[in-house]
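One chain, subunit A, links the two complexes that follow: it is found with subunit B in the first and with subunit C in the second.
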Partner chain A sequence: MIRLALAMARFQIAAMRRSPHDLMALVNAPLFTVIFLAIVRYTGRDDLTGYAVLAPAMITVFAMALLASGEIIANDRTDGRLELLVASPSPVAVVVLSRIAMITLVSLVSVAECWLVARVLFGKAVAVPHPWLFVGTLAAIGLAMAGTASAMAGLFVLTRSARTFQNSLSYPFYILGGVLVPPALLPEWLRPLTQVVFLSWGTDLLRDSLSEAPVQRVLPRIAAVIVLGGTGFLLGAWLIHRVLLKVRNDGTVSHA
Partner chain B sequence: MISDGLRILRYAAASGFADFRTIYTVRTWITGWLFRVLCQVSFFALIGRLIDSPEYTEYLLIGNAVMIAAMESLFVVASTSWERWTGSVPLLIAAPASLALVLCGRSVQWLASGTASATLALFLLSPLFGVDLRLPMALVVIPLIALVGLSTYCFGLILGGLVLRADSLRNVVGNLTMLSLMAISGAQVPVSVWPDWLQALSAVLPVHHGLAAIRGVLSAEMGFTEVLMHVGMEAIVGTASLGVAILGFKRFAESGRRSGAIEFGS
Partner chain C sequence: MTESSPLAVAVADLTRTFVRSRSRLPGRLKRRPPESRTALDAITLTVPSGEVHGLLGPNGAGKTTLCKILSTVLIPTSGIAKVFGHDVVVSTTRVRPLVGVVLGGERGLYTRLTARQNLMYWSALYRQPTSEGAERTAKLLERLGLEERADERVETFSRGMKQRLHLARGLVGNPRLLILDEPTVGLDPAAARDFRGLVRQLRAEGRTILLTTHDMTEAEELCDRVTLIDSGKLLGTEDPRTIGEWLSAWERVTAEGVPAELIDRIRKVEGVAGVEIDSEGRITVETAGDGTSAAVLSLLVDGGVTSLSTSRPSLEEVYLHLIGSRGLNVG
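Showing the complex of A and B:
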């Protein structure tokens, strides 16, 4: 199983190197960083520099989950790989989840990318006073994002209408996930919704880890990220199972 | 001759709108696309709330609403290269009609949709963010939003001509252009905060002058002559871009005929 997962991770790297579209979010990240840092500099709010560096990184992680991971099964089906995959003895869920895990890992490179843009172009070195919390939260966000991506990968194949709305998911998620503006500053009627989005817990924790002040209630907040992300994993595994059942029953493994 | 050209443009546009109808119905355009646009503009306008400045909220709301027209118009970069997928490029080159004329009209659906969604974003979100647009005077900005969309569309045609040769880069080029314009055109921060060379670059790119005119009209702090000057500059940027784009399409057709590689994009 581990050998299969590693092979799939290597395959995904090779596939991404040939697909600029999959890496587009990493190319966009520096420009988002420049935009947010320009706003911070113009308004004289240097205290928000950390926010301006974290936001484009989280945008990149989600964008890659949406555009690269979310399309894995759909693309395999279009390119004729799903047929081979279904016929092979390897568990499809392991194949898909390993590839999604690799995409998520690559997307996390954006954290360093955005930090470097701030350092090189704006001369701002964002300090991380709580490094373990920062790394732990990033890991939890990575896991939860992979879970969410697996759910999207299944959903985009099962329902055509979901694919229509794929491009529409980004900014609502950035708002509800508190990517730049903390949920506490959103209109009151929106705040309950942010509680069920794992990223809102994660981004709050990441911002807290950049502050000198002691961080409160770490464990329950990390647990919220993991539980909500884990729900995504379960949903994703179920949806992938449903996809396979459906395409086998309908005889539509190789075409929509 | 002119009527032939207009007829070709009309058919190309009709084809583009037919493409658009296969992507969106009225319902999915409203619940999917327009919803995303409203969220995108709100996302940036909320930064004003984070900064705790109503004036800056207004600045971001207007800038990002207008950017929607530019963003959607830039979809022309990707949709121009769709001709590669459909295999229509060799047929268009063999046909007596100008390839440039067809491709210029082929993606105008984005311009129409962009103008509509930007206008709706501006007028629907302003009351939610406490921005007073001073109606009905503010309605004057609708043709100005269309002008920003049109000049960006013409600029996007140049890039569309380039990505016809490198199809895999279509989305990357479109996105990078959109984010660059978003950064330096005055949508997020005044153009004056950038180094001189970036200000000079911004002045010859779309959005900059059109957005300045829109801000001038909405704030009622800019004289009529100055507004007109910005409108003229935006129109000049658009016209010059269109000229370069047409030359680019002609070059593409000529080099494709010479090398026989029209089908393969190399």
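Showing the complex of A and C:
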């Protein structure tokens, strides 16, 4: 299974190199950073520079995973590859997860991009007093993002109309995931909801890793990211299984 | 059944219907009742291991439906289908590694990637280690005459090259059963000849091949046995030589500028099933017997007719003859 996952990840790199469209979000990331940093500077809140660097990076990670989740299975289906994939001995959910995981890994480049924008254009080097926590959290976010995107992939093939809302799905996620605004600052009634969004735990940890203060309860919080992401993957695997049964029954595996 | 089942394919009472939910009629609230179509109607068929089995039938006969059921892509409505003893509905994980499938047409490839990248992808899906996959990919590209274009994007390929790439893809998992759905449609004559050579090699390697076609000549040349299918029903399984006999028995003769008196004489030749005359005065003679077309030809030549030709009957005509004359057991 690991071999399959690695092969699919490698394949995804080859596919992305031929399809620059998938990488557009990486072009947008620095532009977003400029906007956020300009606001921070204008309001004189230089202490929020870290937030302004993290937010566009997380938006990029999510946007690329969301795009991929909507397209991988759908494109395979319209191009007549899904039926061949179904006929192969490899589980479709693992193929989808591995490919999205590779996309997410690439999307993490945006973290470096956004950091560089702050450094080069705004002369602000965001310090990372807890580098291991920072890197570990990014890794956990990457995995959880891929798991969550698998669930979305299943959802998007199951209810094709859901893709209409694909983009609108982003904004609630950015809010509940604490992408720019820490969950603690949200209205009280929203807070319980943020607890089930893996990214809210992840962004809090990232922000904590940027401040000098010692970080509390690291392991349970990282575990929350991974468990929520893992739940997403299990849900996705189940959805994909259901969808494939349905289309194999209906005879619509290769229908657009 | 056991692992070592000698039957590559065993199908019993297999039925597949498709339900099409039709759109609402304008101005009405009720939907029309869904329309159901039977693509396979209780078919029973076995293919022993090592055989090249042809499934011969016109468009819409149900050939692709059977291919998809056997490759686990489509779930049958009722009946049983087994591949090397494993049920294609219940034991998909056992069936899938044993089967390679080529569903015809150009779809199904990553057109922005190269031929080699496509094959490497499929070899990973068929669970081969990277190094082994690379070796197998290179061999298959060579075997199918694609090695010179191996590292070019598939979108630059001709239809025939894509077809060959699909054949390579079907073989990448080293399948014991290869299902080929109309594999020569779109191939030029030279490529079709190469394809026949390939099928013979694969047969010599001990693989079982289920090949669908609507081309009787292809079925006759390639297959050990041929099953005839029409409208979801099997008409019988035949020796390919029988198909060859039908092809010559029901040959058609076309001629131009034939005097009316000669046409009358042709009608009386024994074995002539019918003579049609089109608006330009061209006649088509349908024959139904060995040597009949030769007799018709010599009459025409003796009568001074110079513009004439013979052609093989179409599959539909052969089916009409079979169902009409021999009362083949339909259904």
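Things worth noting here:
Following the convention adopted for this analysis, the second predicted complex is superposed on the first by the 251 of 256 C-alpha atoms of A that agree within 3 Å, B and C clash if a C-alpha of one lies under 4 Å from a C-alpha of the other, contacts with A are read in each partner's own complex, and residues count from 1 in each chain.
We take it that contacts are C-beta pairs under 8 Å (C-beta built on N, C-alpha and C of every residue); 3 or more make two chains touch, one makes a residue touch a chain.
The structure displayed is predicted, hence computed values, not measured ones.
Superposition note: with subunit A as the common reference, subunit B and subunit C can be accommodated side by side. Using the contact criterion defined above for the overlaid structures, shared-chain residue A:96 touches neither subunit B nor subunit C, since it reaches no partner.
By the touch criterion defined above, A:32 reaches subunit B but does not reach subunit C. After overlaying the two complexes on the shared chain, residue contacts for A:7 are found with subunit C alone; subunit B is out of touch. When the two structures are aligned on the shared chain, A:19 is found in touch with subunit B and with subunit C.
Within the superposed three-chain model, A:151 lies out of touch with both subunit B and subunit C [touch as defined at top]. Contact with neither subunit B nor subunit C is seen for A:64 once the two complexes are overlaid on the shared chain. Centred on subunit A, the angle reaching out to subunit B and subunit C in the chain A superposition, using CA centres, is 90 degrees in steps of 10. In the superposed model, B is the one of subunit B and subunit C that contacts more residues of subunit A.
Here the smallest spacing between CA atoms of subunit B and those of subunit C, following superposition, is 13 Å.
On subunit A, the surface touched by subunit B in one complex and the surface touched by subunit C in the other have residues 19 in common. Residue ranges on subunit A touching subunit B, taken from their complex, read 19-21, 24, 27-28, 31-32, 34-35, 38-39, 41-43, 45, 48, 51, 161, 164-165, 167-172, 174-175, 179-182, 185-186. Of all residues in subunit A, only 3-4, 7-8, 11, 14-15, 18-19, 79-81, 83-90, 95, 245, 248-251, 253-254 touch subunit C in the complex they form. Listed in rising order, the residues of subunit B touching subunit A in the complex are 23-24, 28, 31-33, 35-36, 39-40, 42-43, 46-47, 49-51, 53, 56, 168-169, 171-172, 175-176, 179-180, 182-183, 188-190, 193-194. By the touch criterion stated above, subunit C contacts subunit A in their complex at residues 16, 18-19, 68, 71-75, 93, 96-97, 99, 101, 103, 105, 107-113, 117, 120-122, 124-127, 129-130, 133, 153, 169, 173.
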